[in-house]
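Each structure below is given as structure tokens.
Below, chain A partners chain B and then partners chain C, in two separate complexes.
For the complex of A and B:
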């Protein structure tokens, strides 16, 4: 049987089975493939490493459970690095489906690093309005988010005593799945309020941010699970992203094989038709 | 007057907001801040309006027994139950152990993760059926895609570890992202920005009126 005929008759469920195995097997038996951090990831890490203890960092976590595998690991590692450098972290959410998920991650990492809520960090929760919220935080963060995620008045929180607007923050970290996200922060906030911005995004949206990375408007970037895994490697962690990279490696290899075999089958059919 | 007043308001507010970008004086910045705060309040109303509209459209479909009405019924039930529970639980609806939190963790979170995870299977299946190289442009696209796909995972590095550094798949992938991809992306960005500026000017000057009840 020819390759073309084989693929035409192939039940697509076999493809699904192989893909499931390609993902499952390395998750159960890790391959521990070596990681090499790329320049945007090194820049992301180094920007945080250069912060002085006590600096306030605004962290916008704009993602929902659908993008959890890509963005949760980088959120955890970023929070760990910030807490270990004794930075104050102010978290905001501009993505409607993400407030609860983000709070869960922040609380877990804060507990593990013995950080006090309201003193070392605060989660201000979700606010609708996209770019309007970003610009309004330039006037007053407490005015834009009068209550935190738990409904407490933010003006009474110790951490907020020294936080007025972007000028009070040494860095803006934007971890986002799409709109509103890192691109909008660069466009609306970086140039206007002169605050350094670093971003962590899904693999599919990473290429759209390369122009901002090259101009220096974005000081560092983590692209998808690969970026998160490289960042974990730089932080000497073996987290969710590093474990997931083995599965992603095999899944990518399988998709590449599918594309190559599909085209070979097509050329074979064309060759037979012309012969 | 029905059209002139909205057109005048749009032009006045648009020009004022542009002015606020260049004039940092209080006489301009304070009203501009007020307008931006108003935008957030309008967006919040938009969410309520969106929910009400969703309910109306889907209720109508259920009543008329349109195709797929059972799915719409599930949607309505989900919306009504979630909103009602949120209202009953009040300000603490996001606290641990509430029914709203349970819905988020056990229903919304797992279902949206499952939907996204299904993509892997569809991409694999579509890869050998749809990604066909028929022209030179398609060949270039496919080669770039294959290099970037393998270059962004550690396995690519392992498979090409024996090659000189410049020829390894991760170096080639980074070059594709930094140079041709970046150039094309920048061109799209500049084009889109010019388009946004032109559209903004057309709206402010009253040439573009499609936002007023669909009139061109």
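For the complex of A and C:
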């Protein structure tokens, strides 16, 4: 039987079974394949590492549970690095379905690092308005978010006493799944308010952000689960992203094999048709 | 490695629904249909409630209530820097959108749409001009000899790719001769970028699968 005929008869469910095994097996029995942090990931890490203690960082977490596997690990690791450097973290959410999830992550990492809510960090919650909210924060963050996620008046919180607008922040960290997200922060905020921006994004949106990385508009970037795993590696952590990378690598190898075999089958068919 | 099943009901419901969705890979079945319909219904309800409390109440009702409950003076206190009462205006524009349900007055909704489109066109234009146009054109002008072979070769590849890709999108002349050759080079660069985009998309989708399997194995079955 020819390769083309074999693939035409092959039940596609066998491909699903093999793909499932490629993911399941390394999750249960890790291979610990090596990871080498890429320059954008190193830049992301180094920008945070260069912050002085006490600096205020605005962290926009614009994602929902659908992109959790990629963005939750980078959110956790970023928060840990910021807290361990004694930075003040102001969290905002511009993605409607993400406020609860983001709050869970922030509270958990803050508890783990013994940070005091309202003093060392604050979650201002979700605000509708996309780019309009980004621009409004340039005038006043407290005016844009009068109440935090728990409904408290933000003007009474100690952390907000020194936070007026972007000029009060040493860095903007944008962790986003799509629109509104890192691209919009670069367009609306980075150039206009002259604040350094670093971004953590899903792998799907990473290619669209490389031009901003090249021009320096984006000072560092984590792209997808691989970016999150490389960042964990730099921080000497073994989180969910690092544990998923063996499965990611094997699944990619299987997809490459499928593409190569599919092309061979097509060439074989064309060769037989012309012969 | 022994299982320690989760005692949480929510985890069991999430695991059951995940398996229902995965069952579609075998074939179409009632379990998949049930999970799909449940997801659509719950999502619609969730987002309606979420938008009511985080948009209507937080951005409109609360500020208006505070403005009209001022202990003294008019609620329209712009001279004191209090613009909250003027939220009546966007509220009115929001209500006008519903005029589309009455065909005779449907045209009134255009006023609201004009405001929405005008504001976003302004925001997008300035954002694009600052973030994309000027900065990207500035970043594209690179010295072709940087003093180092590696970065100089990068600059040449970048410049050739940029010019060739732009020429591919020049449609005012037939792609023949020098223009045809240059645009063909542009196609190769575009193909490479599509390939990179495809690779990243695969990585994203596999990440979602890994996330679900991690949930099933570690959170639900408790395999550690």
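As a convention for this text, the second predicted complex is superposed on the first by the 275 of 275 C-alpha atoms of A that agree within 3 Å, B and C clash if a C-alpha of one lies under 4 Å from a C-alpha of the other, contacts with A are read in each partner's own complex, and residues count from 1 in each chain.
The rule is simple: a contact is a pair of C-beta atoms (placed from the backbone, for glycine too) under 8 Å apart; a residue touches a chain by one contact, two chains touch by 3 or more.
What you are looking at is a predicted structure, and each value in this text was computed from that prediction instead of being measured.
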Partner chain(s) touched by A:139 [first = chain B, second = chain C, both, neither]: first
Touched partner set for A:7, first chain B, second chain C, both or neither: first
Contacts of A:28 with chain B and chain C, given as first, second, both or neither: second
Touched partner set for A:165, first chain B, second chain C, both or neither: neither
Partner chain in contact with A:182 - chain B first, chain C second, else both or neither: neither
First (chain B), second (chain C), both or neither touched by A:190: second
Chain B versus chain C as contact partner of A:203, first or second or both or neither: both
Touching partner for A:251 - first (chain B), second (chain C), both, neither: both
Chain B versus chain C as contact partner of A:16, first or second or both or neither: both
Those residues of chain A which chain B touches in one complex and chain C touches in the other: 16, 19-20, 23, 66-69, 97, 99, 125, 127-128, 132, 135, 203, 207, 211, 214, 223-224, 226, 248, 251-252, 255
Chain C to chain A touching residues, read off their complex: 1, 25-26, 46-47, 50-51, 54-55, 58-59, 119-120, 123-124, 126-128, 130-132, 134-136, 138-139, 193, 196-197, 200-204, 206-214, 217, 223
Chain B residues within the chain A interface of the complex: 33, 36-37, 39-40, 43-44, 46-47, 91-92, 94-95, 101, 104-105, 108-110, 112-113, 115-116, 120-121, 123-125, 127-129, 131-133, 142, 145-146, 149-150, 152-158, 170, 174, 177-178, 181-182, 185-186, 189
Chain A to chain B touching residues, read off their complex: 7, 12, 15-16, 18-20, 23, 33-36, 38-39, 64-69, 97, 99-101, 103, 125, 127-130, 132-133, 135-136, 139, 144, 149-151, 203, 207-208, 210-211, 214, 223-224, 226, 229, 245-246, 248-256, 258-263, 265-266
In the complex with chain C, residue positions of chain A that touch it: 13, 16, 19-20, 23-24, 27-28, 66-70, 96-97, 99, 125-128, 131-132, 135, 147, 183-184, 186-188, 190-192, 202-204, 206-207, 211-212, 214-217, 223-226, 240, 243-244, 247-248, 251-252, 255
